[in-house]
Each structure stands twice: as structure tokens, then as C-alpha cells.
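Below, chain A partners chain B and then partners chain C, in two separate complexes.
After this line comes the complex of A and B, so read on.
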């Protein structure tokens, strides 16, 4: 496999805190999941490849060039940051056009590429609305759009599914898989095993700044079976949602959140649960969904103990 | 064939870097700033002194007796630029306070720095915005005033011994625009809130100028000018255009040194604050 991302004994400290510790690994074309609990070093791992941080020690190379201090590289790299990164006063189209101009395209080409990227993330109808008025899911999608609008060879996606509703989650998962099939190198971080599993079988497990394991996600999945998976859903009509999912054989327990809009479900079969919940989620107006990472944390503890 | 053995073929993004990578940043920010009507109004008001000076030149050429009250010579350009300095300060507050602060607040700096741009390109792009605005109210009207003066009063201005005025206007406009732009940008980089950044700049400039005036009034010494960015700029301008003002009468090298040090300090702030990742130690 030809590697497009190479980490050679890469370490990164923030003052006395070590975020990434002596990491040596490679990532090749296709989708690779970067899986780890919050604070594991996933964002630092991605930021080193995105040229936003210099390694304190070692080397990080992208497409054969050092990621730090090689701006020309970023014609071929797309980055989707975890946090919001917008000018709220711009419309979706203006935002993409502005960033494409920074990449070096002329106005006609910017428009063509921005329209294409908006179509890819199903935001064409909202393109003339200000980003400040976008929902959480739309904001995630416009971030995705900016990362792929310049047709990059390498995509670094930091928690791209965070806060998305099931329908858009499905859409972005399909898009990421498509980008991987096209032969691009897509590195996607998540603290949720199910999310990564939906996109790829290849994973890097990161914990406490170290690569703990790399390989097939199914091996991790086997370890997960004994740990119920928790899913929190925010719905316009949480009671309707609860009625629709409570009879499912995949649901172990169901609780209502304190604020009244949230329903928390525990399931032993997340794949089946997610497939079965789509219709009910649309009817109940689910606007946000996330999975706390305690379950993954317990798998990591288990792996470390072994 | 497994996916990972396929090679990527659809890649179309441009590989070569632009020569002026900062230009799209400048252009985009200028477009947004100039879309604000109030700001356009401020720019228009900043041209009123130019109109007044043209009228002054015209009156003196038509009625030479007014030349004693409204002298037209090299000093007129120094006084004109001293007034324009005030406008550059207001333009920098209203146009510059949010330039970096807003990017830090919204996280947009992340997407800038994930493009084919360096931090230097980013800073150059932002300085370009303020330089364009500030030169638009100093250099452009200054040179235009010189051209109009030569045309209206060739006997006063189209002489070899006054040919220094053009280069002096150019030099002073560049220095004052650069210093004011750097200070405004550094203030913008110090905060995530554009209003706080604007207030910081205001206090740095007008606060120090107030201190300078109070000290000047108490001790009557021109060295107090070195405390204030505005007075240092004016002192340098006075030296350049031969204007006598006891309160600011200093060898040009002192204010020049102060302005140089201020600029270095601003660059150090920009270097420390313009990062894609904020590192909290």
C-alpha cells in the first residue's frame, strides 16, 4: 500500500502535557478511522497532518512532504475541523467561494466547485442562507463542503458526524465512503466505534497519545459486544420517538432527559438500532444525535489492561 | 483490485502557488468592509480636508494677499497629513478591530490556515486591508493635492527646490499607514472580541496621547512626544516637512526609533497570536 500520511516517531507536547507520544504509523488511500476517547490525541494527530501544529519531535509527512511549513501541500489536502469555523454573516455559497478563492481558483471556477460541493452535502437549497441561521447538522455539512470543494487528494475529517441527525449522518457516511472509493486518502476521527465502523473497516486506535492498535474494526467490535452502546437523541416529539423504538428488540433501556427533548437509549446492537430508527427519527423530528464515549473508554481500558 | 491499490486520478486542484497568496484575503475583507455604508461615509469625510486644501491653493493663486493667512508651501502637506493621521486612526478602529479578532472568535483562522497559505500570508493579507484603506486617505489625496497644487500654482510648486514634496508625501504616508495598521492589527489579535480590540487600540493611541499632553503641559518638554504613537508620527512628519512646533520638536531619529520599536512589538504579538491552534499552557 502506498502511504500518503507518514508519522515517524512524532511527538507533540503542550507545555508539560504530552498529547502525542512517539507515534510511528502510515495511512494510505481509502478511508481510515482514527478512533479514541476524548482527550486521546486524535485532534493533535490530525492537526499535525494538517500543518496546523509542528511536531515537537519526529516528523509528519503528507504526500511525501513535511506537513509543517509546506503551504503548497494544501492545494491537495482538505481539512474539516472539529470546532465551528465560519463567518456567520456569509451565506453558505459565499463562504465556499471565499475559501476557494484562497485556494487560488478564479471566480467562475469557484462558483462551479462551490455549487458541486453544496450538492454533495445536500445544501444546495440553503446556499443563499446565512450560516448563522444554519442548524448544527447544516453547519457540519458546510464544513464538510469546504474541505472537499477544491477536490483534495487527502481529507482530514475531525469528528464530522458530531451532532448530526440520522438522515444527514447517513448522507455524510455515504459521502465519506464514496470519497474513499475514489482513491482519496480519508482520515476520519471519532470517539464512537459505530460511526467509524459505518465508514470503514480500517482503524487506528489511539489512547493517551499513543497508537494502541491498528487493523480491522471487527476485532474491536467483538470486544464491544459485552458493552451496551448508548445513544442520545434530541427530538421535537420525544414521546413519539420513545413509542416507536421501545418495542425494538435491539433496545435494552430507554430514559427521558431532564430537559424533556432528549431520549437516551441503550442498545447491544447499534447497527440494527440505527437502521431501524431512521423512519421514527424523521417522524419525531430528531434534530441531533450523539453517543457518549463511556463505552469506548471501557474498551480502551480493557485493551490497555491486556 | 482492492481500493487501497487504486490510484487517485480525479485530482484537479492547482499545484503552483500564487505569487501574491495574501491578495484573496485582502480582497475579500475589503469587499466586506466597503459594503458597510457608515464606513464609506467615514472614507468620504476623510477626503474633506483634501477638498479644503485644494480650495486653499485655488484661493491663494487667485488672491495672493491671502497667502499670508493661508500659506501654500511644503508645510501645507505636513499639516494635511497630520490631519489625515486622525482619519487613519478612526478607519483602523472601525475597519481593523475585527480583522483578526473575528477570525479568532469564529475559529475561521483554522480554515484560512488549512489553505495553501502561511501565517505570514495571513498577516500580510490583513495588513493589506488596512494599508489600502489608510493609504487611500493619506497617500492618494496627498499625491493628488501635490499634482493639483503644481497644476494650479506652478510658480510655487513646479520648482526644483520643492521637488522633495512628492517623495516626502510618499514616505510619510507609508510610514504612518504601516505603523497605524500594525498597531490596529496587533490590538485585533489580542482579543476575540472586535469591540474589545477597538477599545484597546483607542486606549493605546488616544490614551497615550492624553498622557503625553498632560506631561507636556506639566513639564513643557518635547520628549513627552515619545510616549505617544500619534505624537511620534506627527513629530516625524514635522521633521520631514520642516514644520516648527516646540511641543514636538525632536531630532527625527528619536520618533523614528520609537515607531520602529512599536512596529517590532506589534509583529511579535502577531507572531504569537496568529495560530491555527491556541496552546494553553
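After this line comes the complex of A and C, so read on.
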């Protein structure tokens, strides 16, 4: 595998806190999942590659160039940040056009690329609405659109599925897989094993600032099967959602959240659960879905103990 | 997607074939083109903001005072303060010494700070542009916004007060008007450069900025050589109007040589902006998660 991202004994600390500790690894074309619980160092790992942080020690190179201090790299690198931040007064189209202009394209090319990117993330109809009025899932998708609109060779995606409903989650998963098949290097971070597994089998496991393991996600999956997987869903009609999923053999338990809109499900078979919940989620108006990472944390504890 | 139609000379990416794992000779977007794109992005948000409403009110207030002077005070009270003197007080003390620096403080300290606080700086820093171009584009947007808020009221009060006794002789005063407008623009640039630097160096620059404007500049602007340690002394000296030379105010009638003022102001602008650009270019903007 030809590597496009290289970390050579890279460390990064914030004052006395070590966020990334002596990491040496490479990432090549295709989709690679960066998997770890919250606070593991995933964002620091991505920000080093995105040239937003300089390594305290060691070296981080992207396409053969130092990531820090090489703005020209961003002709070839797209970044989808984790933060839910926008210039809310801009419409989706204006947002993409502005960022494409900053990438050096002329107006006609900006418009063509913006339209294409909006189509890729299914936001064409909402392109003239202000981003301030977008739902969480739409905001995630417009962030994704800006990262790929300039047709980058490398994509750094920080928790791109966070807060998305099942339909859009599937759409973005398909898009990421397609980008990987096209030969791009896609590094996607998540604290949810199932999310990463849906996009790729190649993972980097990160914990306490160190790469614990890299390789095939199925090995992690075998460990994971011993632990129930928790999924929280926010629905317009939580009772209808509960009725639809409660009889499923994949569901171990189901509880209603205190605010009345949330349903929390525990499942031993997340793949099957996610496949079976799509129709029910649409019927019940599911607008948000996330998976707490406690169960992943327990897998990491197990790995560290080994 | 296909390749760009502009400068970077990117090859058309193949949708299937793996691409080379190293990047060829590509360059950042040309500096001025990038600065223009940042200017376009920043201008609208800067103009249509709550900050602009406040600054417009502060900068527009002298128009009301000039109207009052013209319509009521002159006709009913026959004041000792002539229209020319009143105009110079407004330009020198209200605009150059206080409100224009205050407007610069509000806008210029926020040029980068707003992007950091709003966490939108990531989008700017992950584009193929030099950081200096971001700063220049934003500074140009600041200047366009504040000039459009400052010059119209200054122009209005000039005509309101210069024509109190009629339009005769107005032509002879037009050069003074242009000089005053020029000094106002220079004030915006100089304080804007200083507060841009302050906004990049400090996390919370407003209070130190207010202390600089209304404590340091006031205390140091006393007779002797100390005024040379202020910004305001050089700018005020460029408008040598005669103001009432009585009492405490007379102490502040020090006029520095014009050449010295222009050199000092030019040097300050270069040093402040270069310092701001250097610090901005080398600083990490780690966003709180």
C-alpha cells in the first residue's frame, strides 16, 4: 500500500497533557477508520494531518509534505471538522461557493462544483436555505459537502456521522465507501465500532494517545460481540418506534428517555438492528441517532489489559 | 468531478485509478486572489451585524448635534462657539480622538477572534491560502465597513456647519475637508492595525483596548515628549485646527511636525500589521471540543 499519510514518532502534548504519544503509522488509499473512545486522541491525530496542529515531536507528512505550514496541500486535502460551526447567515450554496473561491476556483467552476457536492449529500433542494435553519443532519451533510467539493485526494473526516438520522447515515456511509473505491485516502474517525465497520474493514485503534492496533475490524468485532451495543434514537413518535422494534430478536432491552422523545435500545447484533430499523425510523420520524461509547470503552480496557 | 479551471494546475482526477502518493509542485492560491475571496466572505457578515448598528449610532450622533447647532443654537442663542470651531471639535475630539479608535477597537480586535470563537476558523485554515491573505482580506473588509460608516456623517457635518452662514466661500474649504477625511481614514488604518495585533495576541482584548484608549492615551498625552508614546498625538497633529485655547484643554494643543506624524503613523501601520501577520501565521488555533 502506498502511504499518503505518514506519522513518524509523532507526539503532541498540550501543556502537561499528552494527546498523542510517539505514534508511527501510515495510511494509504481507501477508507481507514480511526477508532477510539472519546478523549483517545482521534481529533489530535486528525488535526496533525490537517495541519491545524504542529507535532511537539516527530513528523507528520501528507502526500510527502509536512502537514504543518503547507497550505498548498489543501488543494488535495479536504477536512470535515467535528465542530458544528458555520457562518449561519449563509445559505448552503453560498457556504460552498465561498469556500471553493478560497480554493482558487473561478465563479463558474465554483457553482458547478457546489451543485455537484450538494447533489452528493442530497442537499440540492435546501441549497438556498440559510444554514442556521438546517437540522443537525443537514449541517453534518453540508460540512461533508465542503470537504469534498474541491475533489480532494485525501479526506480527513472527524466524526462525520455524529447526530445523523438512519437514512442520512446510510447515505453518508455509501458516499464514504464510494470515495474510498475511487482511490482517495479517506481517514474517518469515530468512537462507534459499528459506524466504522459500515465504511471499512481497515482500522487504526487509538487509546490514550497511542495506536493500540491496526488491521482488520473483524478482529475487534469478535471482541465486541461479547458486549451489548447501545443506541439512542430521538423520534417524533417514540412509542411507534418502540412498538416496531421491541419484538425484534436483535433487541435486548428498550427504555424511554426522560424527555419523552428519546428511546434507548440495547442490541447484541448492531448490524442486524441497524438494517431492520430503517423503515420504522422513517415512520416514527427519527431525527437523531447516536451510540454512547461505554461499550467500546470496555473493549479498549480489555485490549489494554491483554 | 473534473479539474479546476484556474491556476493550481491540478491534474484531472481519475475516478478509479489510484493517484500518486506524493504531491507535485502546487502552490497556494495567489495572495491577492485569496485575500479578495476572504474579503468577499467577511464583508457582508461585518456590515450586517449588531456591532455595525452600535458603531453607526455612535458615529452618526454628531450629525444630530450639527443639525441642532444649525437649526436651534445659532438662531436662538447666538453662541460664542463658531460653526468652524464646533466642526473642529467634532472632528478632532469626537472622531479622531475617541469614536473612530473605539470603532476600530470593536471591529479590528474581532477580525480573527470572531472566527476562533465561532469555530469557523477551521474552514479558513484548511484552504490552500496563506494565512497572511486571510488577515489582509479581513482587514480590507474592516476598512471598507468602517470607512463607509465614518466618512458619510463626517461629510454631512462639514456641509451642515460650513454652510451655516450660506454657501459663499465653501470652495476654499474643500481641501480641508479632503484632509480631514484622509486623516479619518488614516485613523481607522492605524488603530485598526494596532487592535488587529491586540486581537491576535490577547484572548480577551476589549478591556486592555479600552484601557489603552481612555487611560494610557489620555494620561500620556500631556505636555512634553510623552505624547510621542501615543498614537493619537500623531493623528491629531495632522488636523491643526484652532480649538478654544483656554483652561485644561489648552495643555493638549501640541502639534507635532507633519512629516514626523506621517512617518510615525506609516511605521506603526507596517509594524502592527506585520506583527499581527507573523503571529497569526505561526499560531495554532486549537479548538475546544
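We adopt the following convention: the second predicted complex is superposed on the first by the 306 of 306 C-alpha atoms of A that agree within 3 Å, B and C clash if a C-alpha of one lies under 4 Å from a C-alpha of the other, contacts with A are read in each partner's own complex, and residues count from 1 in each chain.
We adopt the following convention: a contact is a pair of C-beta atoms (placed from the backbone, for glycine too) under 8 Å apart; a residue touches a chain by one contact, two chains touch by 3 or more.
Keep in mind the model is a prediction, meaning the values are calculated, not measured.
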Practice prompt. Determine, for the superposed arrangement built on chain A, whether chain B and chain C clash or fit.
Written response: clash
Practice prompt. In the overlay, answer first, second, both or neither for which of chain B and chain C A:15 touches.
Written response: first
Discussion item. Just to be sure I read the superposition right, which of the two partners does A:76 touch: chain B = first, chain C = second, or both, or neither?
Written reply: both
Practice prompt. Name the contact category of A:63: first (chain B only), second (chain C only), both, or neither.
Written response: second
Worksheet item: So, A:108: does it touch chain B (first), chain C (second), both, or neither?
Response: second
Worksheet item: Thinking of the overlay built on chain A, is A:41 touched by chain B (first), by chain C (second), by both, or by neither?
Response: neither
Item to complete: Give one of first, second, both or neither to describe whether A:180 is in contact with chain B, with chain C, with both, or with none.
Response: first
Worksheet item: In the superposed arrangement, what residues of chain A touch both chain B and chain C?
Response: 2, 14, 28-29, 47, 50-53, 71-79, 81, 83, 85-87, 89, 98-99, 101-105, 146, 150-151, 153, 181-184
Worksheet, complete the sentence: The residues of chain A that touch chain B in their complex are 1-2, 14-15, 28-30, 47, 50-53, 69, 71-79, 81, 83-89, 98-99, 101-105, 146, 150-153, 180-185
Item to complete: Within their complex, state which residues of chain B touch chain A.
Response: 3-18, 21, 24-25, 27-28, 32, 102, 106-118, 121, 275-277, 279-281
Worksheet, complete the sentence: Residue set of chain C touching chain A in the complex reads 1-8, 10, 13-19, 21-23, 26-30, 33-34, 37-38, 40-41, 44-45, 48, 118-120, 122-131, 284-287, 289
Fill in: Parts of chain A lying in touch with chain C, wherever the complex brings them together
2-4, 14, 28-29, 43, 47, 50-54, 62-65, 71-79, 81-83, 85-87, 89, 98-99, 101-106, 108-109, 113, 116, 146, 150-151, 153, 181-184
